[in-house]
């Protein structure tokens, strides 16, 4: 961190947007560390959940940016262990959702987490066009985006023989409705922060 | 014509900020009957009080209205000022402009108008106040102390040493409370039995103290100085006078497999038992739920072996009545059990225990005779994890407060463990170390520096068992929340201090209010911590909120001082706010027609029948009469009487009628 | 009603009572109370369904007490009034004799316990016309009820006949006569009438034996008895107790149960 | 008994055996399922990871359709879909503005949104008390019941069983004669959506789970969620390469275990579709179940 | 005045609701200024006649509040009050008085926030009901 700035008193911090949008007030967090202790991904995270909470609490723009650029918000599996055990009942998975959306919008996605984002995007594309998850199509779309051509190539035949791989998608009767949903969701106010 | 003085207080900024006090004073000047109306920065300050005193003298005032804070706060202050200046104190009333007006409304004319209304209302009331004189009531100079823990013992001894009779009632078979279960006490590590037992013996031998153990409060009636209490002496199933406490029965009793409450379920006891060796009184009790004679009608071994034939199987509970002048509530607290924690295994792991259980393991009179052995297989634990804030500071679990003593006894536990198992490794998972007492922080530093207890800052997320080891999953928030996993042999949870079972029922018997956690509520958190809203009932120790021994003893001596002060007066002066039946000229004598329906409404049985006789002794009429000693001034009879024949001094029909009419005019 | 006259004559002859309070034919086809002090006048006593006044109202009057121990001709409402007065310590056992009437038979009672058994045997539901009137009013909307009672009560000119006819209104100074403070405005204007009748109903809560004497006594036939009957019915439903069934000091509004159920206190 | 049914995308695709065994067992217990017409994907973790509003809109459309088709209750066998539908219902019930916004977006009134229940809740209701007598071949094996992280959590949304150390699946397993083990990874996450982008993570997390189950002598892991099943079964190789140990413990759906106990044959229950062959030990009822080419 | 501001009288018991209102003050919780508090030692002391007087003097709404059952400082004052309130409310409703204008409640000394909510909700409800013209006209047409 550059100079030892005092904690910023700047008006709209990321934490304030979070509170407005999701109703989750991270001022309640008193850094007990129980969420990081129970998080299955804490070992791999550059900033486990209790640390990024502290970074957001300071309201310092540089720390906020560091959180949005971090890999940990993408490693979060939303498995709810932290929310179940948080003594202050803070909905940490909801905070992670918010941070991921903000990170994607500001184009600060951590390079090593791009594949996770690509997977989600591929997953959503499949829903946008067919209304349901077309597994085969989603995997191909993911491979194109992530250029991971060889992954799972060997297991595909096994899956096909076991009847687990449908070649054709199951379409929803009104695909147009799906596209309308996606367009509307993209414009929602949270999407713009 | 009444000459009322109105004194509007700014209370610094508290009232002045939102209420235009000058306008209030000026508006009141126009009320008929108001002879003097001023506003001042601090009415309750000395200059403020002298202002009133002079105003009374100069304007020969017949009534005073102080428009300031809540009467619950400074009514006594201003009434004393009036009585010192020769004005009957009950001709002085307070309008609550602070808590009920300035603090809760925005600054606007509406707020000031409301303030004027409130003052005008009280002016109308004061116009109709009558001078009243305190009621003299005798004081029974005996104190009732509920709870025989260290607080109860200290309070009883102090009151008894002040020369007054004390009745000490303890629910368990022996006094001593939780302190008798402790091994050693922080911060000096002196053994709790050594410093407690002498006090317990002193209680037993003190001429002024009547001790009832294995007994509970049945009921408490009456009021300060004149309480009538009924105590249920539960049947011990033996004659205490004959029993010499030899203990033969407790050794011979065949039924030895009952989990001992004193040892928090870790050790066993017999059906006829003495909770712990140094018990006072050292007389056993038969546990009728488990004793084979009561369950199956057989055995009676204790009766056979008893040298003095003291066993009384058919003994009944006894109700003992006493008159007391004051009550000290020192019923203590308890700690949460381990089954309260889902993430720590819902209490299914034997080796996850709470602080009190570890105390018993450390204690020389405990089930393991002082050796640190874990409950599951009795092996000496090589690695022990202590978890602070287990349940406390956890709004999700409904306990948002800090239990105050766990940081200290957790450091003590870790230290004592290291003293007994030198090669063992102790970890403490903590959030903050709260060691604010004298020599307290130095004590925790000693645990870290000299006894090499490993303190890790972070709360444990989960505990699970894996091939005989307890896996404690935590994180070190000082190392970027790095996950920490420890294979422990024993885990001690410093669980939250909570109110006792039945605290709510006791509070209702004593008419004492209690908070949402069932701890008793003190009269004022800062200024009257050992009193309750019910005059004559005092609070000491952890029943008011979790606290350590020094503080409990301090509070206990505090209550003793309060009781001694109360008993220093032969007569108690009581608020003259009592009901009075009106009397008129003969032949009516009173508008009361003697239906006596008010008698059944009175909670204090303060209404008696009075026969009015004419000159030659014939009973002309029987009317109701209020005994000022018993009447507490609730006014239930007053609002109930159809013919408005009974009235409450201080809140008469005329006064409340005038208040309502003024308020809405 | 020879049986009644015979037992009245007997009571007077063997001095069980000094005066018989009963009904006899009055002017204009109306029945009026009569105080028979000599056996000769006993045949004036009669009984028919037009006898609606509650004779218990005379027990508390000093002028009647001067006449000596009374024997009261008592249909059910009068009997219940006697029991309620006893509960309110206005009369003691042995102060009076009761000639209880039920479908033609006359039974002489002097012990309160006997009276209680007698009352327990006979049903105590309201007259059908009163019951229907109350139900009709209950079905109305609050505004309609307000209009109804406004139109009825403004007609009242405060003759207090209702108070005079009610055995339970024995207070030597009624709140109406209290002027410091002036609880009830003296004039017979809408507010004065409204507060008087509401207060009267509240003061009879848990004490009214629903005899309807107040409604009959009203010269303008304002149905004020519906108010007290409705209050009594609610109290019976919600608190279980009923006036004038037993001599007991426990009165509906001067006692309570911890489990009293209500749905409007938040 | 007739019940609304929201199948979810994977039940006809990567976890067909879950669908087959579910229908077979429910037919045996004469429970009829009526699928919601034109339901769409609930968005699983992808939607709420990127756009919270989308994560409400997608399930809302299916719920609105279900409501329009007269369903009060929906069986949602997949834990992820169940969690998303339940969360959406709770969010929309609490926030009227949002509910109206989405209602006119999907052009369907959303007055009383159907309640979604998971497989265990349904089984709890339909499994007869005297199930033990009706069993043809009691499933007496030592099993580790794996609930996964979304089936019982978070409690405010799911309101079913206990958040930590849940018991309902264990009770159901006891009913069919199995011996559920007390083990420590009942609700630890299997890696969910990382199956494709970060298979190594799935390998690590699943290895922990399998290790604990195997070390306690479990003969099978019982699951009630297609994502847990595919991570523990299909990604077995990743777990083995992470821990360097071989795990042969089969992963069975609750419905398959019940099916076997009721005597339904392996084909009907789709056992042949598993990656890890379902070989239950000779021991008690020596059931060697062949499966499709390895 | 643009909007109708209801006049509301509150009859409260000194030990619980009055202390609760004090706590609302000490916690600086703001609430509507329409309410004037009249202090009684206990709800048992509150006479139903005072409610009639309040309406006759132009009150639009009334709050009557005291200790929760079992918490009464005088053990049973609130129990007696509850029975009287039940009898009075039934009679008032039967006579057509708008009983929704009278809010009965239990507020303890620890429920500062509840007192503020009680005042605000009552003020809003009475504001919606509007001024109690019916009772006020009856009083106006009765010269004192």
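By letter and in written order, the chains are A, B, C, D and E; residue numbering begins at 1 in each of them.
Convention: contacts are C-beta pairs under 8 Å (C-beta built on N, C-alpha and C of every residue); 3 or more make two chains touch, one makes a residue touch a chain.
Please read these numbers as outputs of a predicted model, since none were measured by experiment.
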- Could you work out how many touching-chain steps separate chain A from chain E at minimum? 2
- Task: Moving only from a chain to one it touches, give the least number of moves from chain C to chain E.
- Result: 1
- Taking each chain's centre as the mean of its Cα atoms, which chain lies farthest from chain C? A
- Innermost chain by mean C-alpha position: B
- chain A to chain D: how many Å between their CA centres? 23
- Roughly how far is chain B from chain D, going centre to centre by Cα mean, in whole Å? 52
- Note on the structure: chain C to chain D, mean C-alpha position gap in Å, rounds to 74
- Multi-chain contact residues (two or more partners), chain C: 175, 183, 253-254
- Item | Where chain E touches two or more other chains at once, by residue number | 48, 70, 76, 80, 84
- Residues of chain A whose C-beta touches two or more other chains: 81, 84
- Query: Mind giving me all the chain pairs that touch?
  - Reply: A-B, A-D, B-C, B-D, B-E, C-E
- Task: State the interface residues of chain D toward chain A in the complex, per the touch definition above.
- Result: 9-10, 12-16, 38-41, 43-55, 57-58, 61, 105-106, 149-150, 153-155, 163-164, 187-189, 191-194, 196-199, 201, 205, 234, 272-275, 292-293
- Interfacial residue positions of chain A with respect to chain D in the complex: 22, 40-41, 44, 75, 77-81, 83-84, 94, 97-98, 100-101, 104, 115-121, 123-124, 126-127, 131-133, 135, 139, 142, 146, 151-152, 155, 158-159, 161-166, 170, 172-174, 177-178, 180-182, 184-186, 188, 190-191
- Task: Going by the contact rule at the top, pick out the chain C residues touching chain B in the complex.
- Result: 88-90, 170-175, 178, 180-181, 183, 203, 249-251, 253-255
- Query: Contact residues on chain E for chain C in the complex?
  - Reply: 48-49, 52, 56, 69-70, 76, 79-80, 82-99, 103-106, 118, 134, 138-139, 141-144
- Touching residues on chain E, where the partner in the complex is chain B: 5, 7, 9, 14-16, 18-19, 21-22, 24-26, 28-31, 33, 36-42, 44-48, 50, 53-54, 57-59, 70-77, 80-81, 84, 108-110, 116
